[in-house]
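Look at the two complexes coming up: chain A is in both, with chain B in one and chain C in the other.
What follows is the complex of A and B.
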């Protein structure tokens, strides 16, 4: 087992999520924190305030010009392999607020998205499941890429 | 190119502001509109329910005197206008001056788990004590007010209900009250009572979230878990009346979308009243724990002068009596209740008021359910009148003001001022001179709803 494989195995034990609440009602983030605090079948997901400790970036809300730059900077600081999850209608499609030319972005416009959670407001448990699956996908992709290289 | 107003015009405007100030008027709202080469600014003042306005028209790129000379609470409303329209205010350059001085700044935000919403704080500190503060907002801006213009009432309502997860219902309700006032609509009594129950449920939820955030900032994880348990109880109870715990898509013009059976509403009440014990227990623990009392009492002190021009618990904790429910169109006058006040506004007194407000909401829900009349929940209406109005309603964290102008059922102008716009300008004052680790507690005790403030 290579050192990279070992590191990946260790990191699968728990997932640190950096949550970005862009312009929105914060309902998605509230639903996520409720799901994290409940007795849930999905365990081992923690929130972090430091992008360098994060495995996954979860973004909710509409992204405007100002938050776009900050989000891109945070994404750069997260070590690979990293997953990006767009949570809620605002992050996935702009919901009712996005119109042509009004300078609001969806997550897909700004970053490569691994998974989408649609709905206003999405279910908290669904969010946790999606985070786990997004991390699995990212790691599988990385492993496949390394195999192809070899 | 900037255009300065003549000294005479500046003097006249400032003179008018001070005349209102000295006669006891409060600043209610500032709104602006762009016209051909001009920007129209309307200042709304209020005293004992009377609303008076100052309307001015200035050329684009003008530099106006700042209303903060007379009304500091107008700073955020003025900043919003400066961000959206080609106009500047005299004192707004101070932001830039502060930024230049920030050589060794500590940045906090815009995204952090202990910040409920994005906002960037830049501090300079000496020995972990905060020296200077610059707060940068704008990360929430979606341009909702502009998006509402030209939209039908139902479309605008859909957007306004999604402005904030904690105060969305109150904003939607205040908007509908404005529409109904312009069109002289009489809402059926049962619908009014149901609206009141849902409104109080939304306050309850907002207050529970507020408390849970405060406990997280204090590091009281077992109390945090208890409060999450209460929020779960709330969700369980609300599920009897609606599928949506955020209470979206319940309101319609002239009433509520669907009737809720008496049986369901009684079930809701039974579950929700279980919270009384839980809330009282947590409050008792906090009141009898010296470390919590001492820490919270020493933080976030607001003087009575500031409190008088503020709103919500920031004002009430300093002994300023404020009962916004009496301004509402909802049948609060039929219920018996008393709004509590404290003597000194600090984090502890404000927190205790949150507990009392939760218990008050529970009592109002209980009384309203007992008095719930039978009958229709929707009036058949025709909205074709033109006009404008200003509506004042209660939201969970203070007073909400909506200016609305309608033409043939279409929104032609809208301006929303929530309680956070009044409270936000005083945050910097409160943070100066405190230790850096106390920042999250003070911010959460201010109960700012940035989503509805920046829109």
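What follows is the complex of A and C.
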């Protein structure tokens, strides 16, 4: 294992997640909160209320015209490398709320999504695992980008 | 001088160790967040690597300034300088962080600065009253001299309320329980009410290290009150602080105004009790 790999491993062991409940039933956020306090194998994930401290933006629910601007502002404030995770059916595909011309967006329409978590409501442990994988992907992409640049 | 150097580096290293021990115990408790034991260290390493899209040079300047002042305050504490000198340098450090937060020039940054100022006022008031009572009792304010007095005369007994109020200052600084002003950004996010300051990446890492050093300084100051060996006193206060860190995991967060009220009662009010007992009742 190289020094860079070791550093990458360390970095994915402390992930601060900024959660946005854009709309919907709040089931995804509750599932995440429960998973964080359960005795599962995935560790190192904490919630933060400060976008400047965050590494990962987790969005659940459908995004409307008003919250779109706010979400984009919050995304801009998160320092890179950062990951965006769309959690739940509403955030991934709009679920039963999506109709043409009703001014609702899925996360992919607004931000570059790193990972998707399907399901209504998604499994809590799966959410934690996806967050870790999303951060790993971001790091790997960043490292690859730097190698290509050199 | 050799002992001063040892204390200086020991305090820098011991406080992160305290947070590591807290993590160790919390991971074993049901209902607490699962984290790696070395997560505080991982977080610092991670923060040094992060890059902000918009660099706020004020934030960089103020975070470096705060870090330097914390090191100066630490040296003054371990070298046994005057208590009020240490508090004034700590105040300078705090002001640097507050001005840095204000420099974001955003609504949330200003709210954060406002809360920090209200916390700072409690700290200053308590320190002033504590200094007065300490001087009345011992006739000295030098931490080195006080340390000697507490071993020979048992100063702690007549300054018990001052000790409690200064310990509450430690809890306020550590954002613990009912004394958490919500500055650290660990509240659950609400879309339009997320607090943020311009600190991120390495400037946030410096602020975090400043915070650790500050906690170490207050533990060292509190350890002077105990009539024990310096290292044993320091260890006792550390264990007491650790117990409150663990307690923090089980208590509900309160509104910051409520925190301010509790802080005034438990820090300002309790320090006044000692002041009244020494100046009025005697």
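The criterion applied here is as follows: the second predicted complex is superposed on the first by the 140 of 150 C-alpha atoms of A that agree within 3 Å, B and C clash if a C-alpha of one lies under 4 Å from a C-alpha of the other, contacts with A are read in each partner's own complex, and residues count from 1 in each chain.
As a convention for this text, a residue touches a chain if its C-beta (ideal position, glycine included) is under 8 Å from a C-beta of that chain, and two chains touch if they have at least 3 such contacts.
Predicted model only: the values in this text are computed from it and were never measured.
Peer 1: With both structures lined up on chain A, is it a clash or a fit for chain B and chain C?
Peer 2: Because the two structures are overlaid on the shared chain, the partners are seen to clash.
Peer 1: Using the touch definition from the top, say if A:27 reaches chain B (first), chain C (second), both or neither.
Peer 2: first
Peer 1: Which partner does A:136 contact after superposing on A: first (chain B), second (chain C), both, neither?
Peer 2: In the superposition, A:136 touches no partner, neither chain B nor chain C.
Peer 1: For A:109, using the defined touch cut-off, is the partner it touches chain B, chain C, both, or neither? Pick first, second, both or neither.
Peer 2: neither
Peer 1: A:67 in the overlay: touching chain B, chain C, both, or neither? Say first, second, both or neither.
Peer 2: A:67 sits against chain B and chain C alike.
Peer 1: Please indicate which partner A:52 is in contact with in the superposed arrangement: first for chain B, second for chain C, both, or neither.
Peer 2: second
Peer 1: Touch check for A:19: first (chain B), second (chain C), both, or neither?
Peer 2: both
Peer 1: Taking the superposition on A as described, I'd like to know which of chain B and chain C A:44 touches: first, second, both or neither.
Peer 2: Touch status of A:44: second partner only.
Peer 1: Using the superposition on chain A described above, determine whether A:97 touches chain B (first), chain C (second), both, or neither.
Peer 2: A:97 sits against chain B, while chain C stays out of touch.
Peer 1: Determine, under the contact definition given at the top, whether A:77 touches first (chain B), second (chain C), both, or neither.
Peer 2: second
Peer 1: Going by the overlay, flag which of 23-31, 41-49, 185-193 or 221-229 in chain B ends up clashing with chain C.
Peer 2: 221-229
Peer 1: If you lay the two complexes on top of each other, which residues of chain A touch chain B in one and chain C in the other?
Peer 2: Common interface on chain A, chain B vs chain C: 18-22, 37-38, 47-49, 67, 70, 74.
Peer 1: For chain A, which residues count as touching chain C in their complex?
Peer 2: Those in contact with chain C are residues 7, 10-11, 13-14, 18-22, 36-40, 42-53, 55, 67, 70-71, 74, 76-77, 79-81.
Peer 1: Give the list of chain B residues in touch with chain A in this complex.
Peer 2: 110-114, 116-118, 138-144, 147, 158-159, 162-166, 168, 209, 224-225, 228, 231-232, 235, 246, 248, 451, 454
Peer 1: Under the touch definition given earlier, write down the residues of chain A that touch chain B in their complex.
Peer 2: Within the complex, chain A touches chain B at residues 18-27, 29-30, 34, 37-38, 47-49, 61-62, 64, 66-67, 70, 74, 95-97, 99, 102, 104, 120-121.
Peer 1: Where on chain C does chain A make contact in their complex?
Peer 2: 27, 30-36, 38-39, 42-43, 45-46, 49-53, 185-192, 194-201, 204
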